[in-house]
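I'd like to ask you about the structure that follows.
Each chain gets a letter, A, B, C, D and E, in the order it is written, and its residues are counted from 1.
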Amino acid sequence: MSEASQLADAPAASGTGRKIGEVILDVQNISLAFGGVKALTDISFNVKEHEIRAIIGPNGAGKSSMLNCINGVYQPQHGSITFRGKTFDHMNSHEVAVMGVARTFQNLALFKGMSVLDNIMTGRNLRIKSNLFMQALRIGPAEREEMRHREFVEHIIDFLEIQPYRKTPVGQLPYGLQKRVDLGRALAMEPQVLLLDEPMAGMNVEEKQDMCRFVLDVNDEFGTTVVLIEHDMGVVMDISDRVVVLDYGKKIGDGTPDEVRNNPEVINAYLGTSH
Amino acid sequence: QAKEQFFPLLSYRTGPYAPNGTPWANGKQDYIKMINARDGGVNGVKLTFEECETGYATDRGVECYERLKSRPGVALFDPQATGITFALTDKVPNDKIPLITLGYGLSVAQDGQAFKWNFPLMGSYWTGADILIQHLAKKEGGFDKLKGKKIALVYHDSPFGKEPIPLLQERSKMHGFNLELIPVTAPGVEQKAAWLQVRQMRPDFVLLWGWGVMNSTALKEAQATGYPRDKMYGVWWAGAEPDVKDVGDGAKGYNALALNTSGTQPKVIQDILKYVHDKGQGTGPKDEVGSVLYTRGLIIQMLGIEAVRRAQERFGKGKVMTGEQVRWGLENLALDQKRLDALGFAGVMRPLSTSCSDHMGSTWARVHTWDGAKWNFSSDWYQADEQIIKPMVKAGGEKYLADKKLTRRTAADCQS
Amino acid sequence: MDPKKIVLNVNGIEVIYNSVILVLKGVSLQVPEGGIVAILGGNGAGKTTTLRAVSNLLKGERGAVTKGSIELRGERIENLSPADLVQRGVVQVMEGRHCFAHLTIEENLLTGGYTRKNKGEVAANLEKVYTYFPRLKTRRTSQAAYTSGGEQQMCAIGRALMTNPSIVLLDEPSMGLAPQIVQEVFDIVRDLNAKERVTFLLAEQNTNMALQYSDYGYIMESGRVVMDGPAADLANNEDVKEFYLGVGGGERKSFRDVKSYKRRKRWLA
Amino acid sequence: MGFFLETLLGGLMAGMLYSLVALGFVLIFKASGVFNFAQGAMVLFGALAMARFAEWLAGWGVTNQIAANVLAFIIAGAIMFVVAWVIEMLVLRHLVNQEAATLLMATLGIAYFLEGLGQTLFGNSIYKIDIGMPKDPVIAFESVFQGGILINKEDLIAALIAASLVALLSLFFQKTNTGRALRAVADDHQAAQSIGIPLQRIWVIIWCVAGVVALVAGMIWGSKLGVQFSLSTVALRALPVVILGGLTSVPGAIIGGLIIGVGEKLSEVYIGPMVGGGIEIWFAYVLALGFLLVRPQGLFGEKIIDRV
Amino acid sequence: MIYRENGQFKTTYRADQQVFPILQDRLFIGLVLITAFIIVPAMASEYWFRALLIPFLIMALAALGVNILVGYCGQISLGSGAFMAVGAYGAYNFFVRVPNMPLVPAILLGGLCATAFGILFGLPSLRVKGLYLAVATLAAQFFSDWMFLRVKWLVNDSPSGSVGVNNLQVFGMPIDSAVSKYWFCLVMLVVIAMLAKNLVRSAIGREWMAIRDMDVAAAVIGIRPMYAKLTAFAVSSFIVGVAGALWAFVYLGTWEPAAFSVDLSFRLLFMVIIGGLGSIIGAFYGAAFIVLLPIFLNQVLPALASLVGITISTAGLSHAELMIFGALIVWFLIVEPHGLAKLWATGKQKLRLWPFPH
């Protein structure tokens, strides 16, 4: 606990410690259609290292589909994605994970039958070196490796404050905690880019504050680049550096929160007048 | 302690083979009940039994065997299933309990010098197949007339169904007939393809090696594809009432091997009706008494009991015999016609005598034909051709001994 | 609470999952005819469980009400099937959407009309839902599994409305919806409430919205009701302001500036 | 050529008979997302009931064979209804919203129970169902092909019955409200309950329909094979049919049946002899697998959805 | 509060990662092992060994293997009988064809044959899912039934297709008495169960479960579905194959292909489901339930019947046995849909709180 709060306390003041770097992820002219439904039409935007990049837009605008393209879950029909200087027509889920992109899901995609601990441990799998036989025998190195990863995961569990649920099957947790576990699993991958799909849905203000803190801490402390989809404008406007706005598959805005907030097209399509 | 000789009865009264297994099991039980009621057992030794349901499954059979084998006074086992026979063949030598497999089991086990504990009494699939070929030759007017003929074997795709193949191949080489093999996947509920093949190749004869539902289905498919039933010849497991009953007229003319008669005339059956069924002690329904498989059950049980009686003659009358002693009895059975008449089995079966080298005792069988309502004999008794079978049995025995790293029993061992 | 007729009376219920996990520890609440009542509370407080207990959907989760009673217009309903309850006008919008994945959006909605035998009524209801959620109309032929999260949420709400309910249990209706749509959903709630006298019991995390639109609120913490009162009073309560509305001490704090120490206070524990 | 056509025809008709059994699987799967292991046992149970009642009715003075058969069919149908009702009350009701594996296992328990009960009530011997099916073959086109083409009237009638049942059920699923509700139930028991679909009544109905379909299948197979325990094993022959056609598709059961029937008969007759025969059963499964590799949800099955 | 973990704090993750972190559990398992290795052999009769314990041990091993595939990796398999058969015939061929082949390597090589076979028939799982996959595994089943009947070479040219082994020895000790067979199977089971337990609580086990629970999400966090599924097929069929070899060599002695029929496959699946999917210990409960209960009923029912003074025919008994068995399955599922292992866990949880109800 104390460690986590120290982590968070120091740079809490408005991210002054962060330096936003070069473009790490560049999405160019992505188009994706399902039969007649055009989920994405010619979308381009980029994400810079260490920044928090938000994607907003009305329901069905194509936000999740965008993440799915980056992740290799969907294959776009047109366009390309450049990650750390390498350009791909389409991505392959496994490779994307190896390159250091992690993801949380809008409709909880946790492993229901497994405990919280095991769920988060799966995030470490890419880093496990011991082979099948060593794991079966659990001798020396395999065991030590397992312990190392366990320790790392315990830090995440502490950080997310879900210690009491370690051994609970995730299916039994309330929705909000499941969202945290989902985040924990992504963090366990020690990603360079973290894609978050509505991580704060179904939470009250206090819990959202917690979540924001986690996201900011990760971003501050580890310099993790964050791509965030969220419908709570308060959150988006407060914590993101730049915002992309999608509407029915098209990009209608891109810029700093303030620019976006004042973009009439965006107001019309998404924000409405109340903000 | 009471003097009781125990007969474990492995049976299946449920599952796919129940219609055939039930009368068989009932015959065995009724015979024991009758001997106890009529004779008070064997020289004063009462006969007891316990049934154990195997469902025709090997592992359940092994469990039954293990459960019942250590009962006091166990005489012998009759597993009533080929698969269980295989599994028990390895176990009985250690436990010193004989295994009788009348009309089924391993053909090579006839070689008593190799298979000390197995008794495939009264016939194996080799003798059965041999007799069928003899019968066909006789019908055609001589073995030379078989030349160029086409004989199809429609068989249950399992060791049971495959056993006759080596012998038939041997015979086909000798006489120049073509043997066509048509397997039917167990349990044999779907045989359309098999019978379409039969229709296409138009064999002169079809030999049917089936068990349970396969038989009636085969007859129905034969009818449906227009293959004449009177050119079909079944093994003795395909020649009982359950096989033809619900085919009715469609099975008219169908032939099968018979190891025994059916019907209620024999004295032993009358005795059973009198001592068992009339007293309300019958195991199954009364109208089943005297059916083919029921009668076969009687014979099996009779042979087992006669082996006990024979053993008592040597090891002490009125004593309970051990498995080993019963084994000796089985190996030294000598049931001549007189003895059979006395037992009430006149006309039911052929005389039988076993020896150390011949655990079968008799290789005779005849053919009966279904007339739409009952089985009638349509041939005289045949004996399987020793000259063909003996070398095969011998060779098989040798291979078995070699595989198991055993040696052939010596003459001295045969005396014990 | 004014002496309006109570339609739903939950009286000291205890709920146990898997016959070992005690989740609700004596929850009581009343819903008046034509009212909008909100249940507020953090993750795991037991809001969903309370709603499930009312709509009798606990059994499928291997949960059971072990104590207390639930009355609908004076009738005990613990032993009625969910279908019976729908016949009596009680319908639940389940948390987590639960659309029928293989059915199209329109089929989903029509299934909602299963209990309504009058074809014209079903058609009218369908039109009504489509006017509430025009987005659904454009996606009507798409299988529910292939629609976006928000579209599924709309579908779930629309499906429940298709039953012509008199009491709706809404579990987190705003989850995953764009702000405009959230607004619209709450407007629909108010609309139905005002025009058709539909009673609402809603569990919501969006406390701000919930208190704005409801008449009365209950706040739950770890399986107990810790505070209740008219919505307006709750909205002015300092603790509620701080913990549920995020405006403690007057101004709304930026999410960026929240302090990192754990500040949650428990009323009871 | 004549023989080829004959085999083809035989395969088609065998396939229709499989379809009849497959249909029962599809019904229950559609209505609850459960693979019903007890389908084979239900076929056996229905056939046993029908065979024995026909026999007993004859003994009780119903001498007209047609009347006895019709009455026996009605009684057996009523028994299947009672069975469905009891199953819902004692088993399904308590397993709402459980995983498919659990429900699958429960249907297995039901299968054991029905097998035991069926044999206890109706006996374990071979019984006859004689609904006057013609048994002897007809040879057609003798002038065209040498030896003509053999057509089995019994199969033809059975195929017709199967086809009309399928047509009827397809209509039911496509056109009625209940059909849609069933599909909803299969997707999500709990959500279906939450909007007022009476799960319990629906399950009784559908198990009852499946029971009657099983009874018809049992009647036809029973009149072909005789009624005894092995009847329950035809379920294994019908399995590749269901899966090839798609677990959720009624017409799929027919098309799947035809493909499997033809495929296995042709393979057995033409490929079998080269490898020693007896290949039809695994060939049927391999054939189904081949189709699945192209269409993992079967020919007409609903697309398997996996989405994040 | 007999069973409680209060006061048992774990100071290291290592201690927490133990298979049995709670003292009572450790004591209990120790007791079980002592009983299994020492007390049971001293007390059990020949019948118990040969008819109950040995088949139970072997079936538990097989169920454990099946559980890895079905319970942990979520790939439905109805072809376990085939994998057992391949293990058995594979081991047989090594045993009789290679001169002086020792028993244990032969059995393990048999397991490897099953692995190869398993991977082959596991390949469709990369595309075909859920119940549809049952077709692939059933294809394996019927194909193996056919293969061992038809390919003479595999059965060492035995005309009927039945084969047998004898003179089993391990390190010069003959395995022919009931106790020695029991110990042999027990050691195999305990060793393999430990290895399996290690696997399922390691990275690979988590991969399997991830694939089972949600394969798309698993792919996104870098788990390769192909690797996970095929390793599950490989490991599972290895264990099942070893069990098959034991079943043939130790339990049956002489066997025919029908000993590994589709019935056996179904029974293994039932063991896994009734015992508890995704639970090593569940395999034991499941095997006990499916193997022992019918035998128990078979013996107890007549006694019970005679107690209340009714005589039931043997056939009636067999049918009653089926009915009771079926009813018990349903009853257990209603009490606990997740199998006996879960029931056991819930029981422990209650003990933890005892004497308080919640």
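Here is the rule we go by: a contact is a pair of C-beta atoms (placed from the backbone, for glycine too) under 8 Å apart; a residue touches a chain by one contact, two chains touch by 3 or more.
Here the structure is a predicted model, which means the values were calculated and not measured.
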item	value
Touching chain C and also chain D, the following chains	A, E
Set of chains adjacent to chain B and to chain E	D
Chain whose Cα centroid lies at the greatest distance from that of chain E	C
Chain occupying the middle, per Cα centroid	E
Selected pair, greater C-beta contact count between A-D and A-E	A-E
Gap in Å, rounded to a whole number, between the CA centres of chain B and chain A	74
Chain B and chain D, separation of their C-alpha mean positions in angstrom	37
Centre-of-Cα separation between chain C and chain B, whole angstrom	74
Centroid spacing, where centroids are CA-atom means, of chain A and chain C in whole angstrom	28
For chain C, residues that touch 2 or more chains besides their own	21, 146
Touching two or more other chains - residue numbers and ranges from chain E	146, 149, 214, 216-217, 220, 315, 319, 321-322, 337
Sites on chain D at which at least two other chains make contact	98, 115-116, 119, 124, 276, 278, 281, 307-308
Chain-chain contacts as defined at top	A-C, A-D, A-E, B-D, B-E, C-D, C-E, D-E
Interface residues, chain A side, partner chain E - complex	71-73, 93-94, 96-98, 102-103, 105, 109-114, 118, 121-126, 128, 130, 132, 135-138, 142-143, 146-147, 150-151, 154, 185-186, 189
Chain C residues within the chain E interface of the complex	16, 18-22, 62
Touching residues (chain side chain B, partner chain E) in the complex	11, 13-14, 18, 22, 25, 51-53, 55, 57-60, 62-63, 65-67, 70, 82-83, 86-87, 89-91, 94, 106, 157-160, 162-163, 165-166, 183, 185-186, 283, 396, 403-405
Chain E - residues contacting chain D, complex	124, 127-132, 134-136, 138-139, 142-143, 145-146, 149-150, 214-217, 220, 262, 266, 270, 273-274, 277, 315-316, 319-330, 333-334, 337-338
Residue ranges of chain D touching chain B (in the complex, touch as defined)	3, 6-7, 10-11, 14, 115-116, 119, 124-128, 135-137, 139, 150, 152, 154-155, 221, 224-231, 233-234, 237, 264-265, 268-269, 272-273, 276-278, 280-281
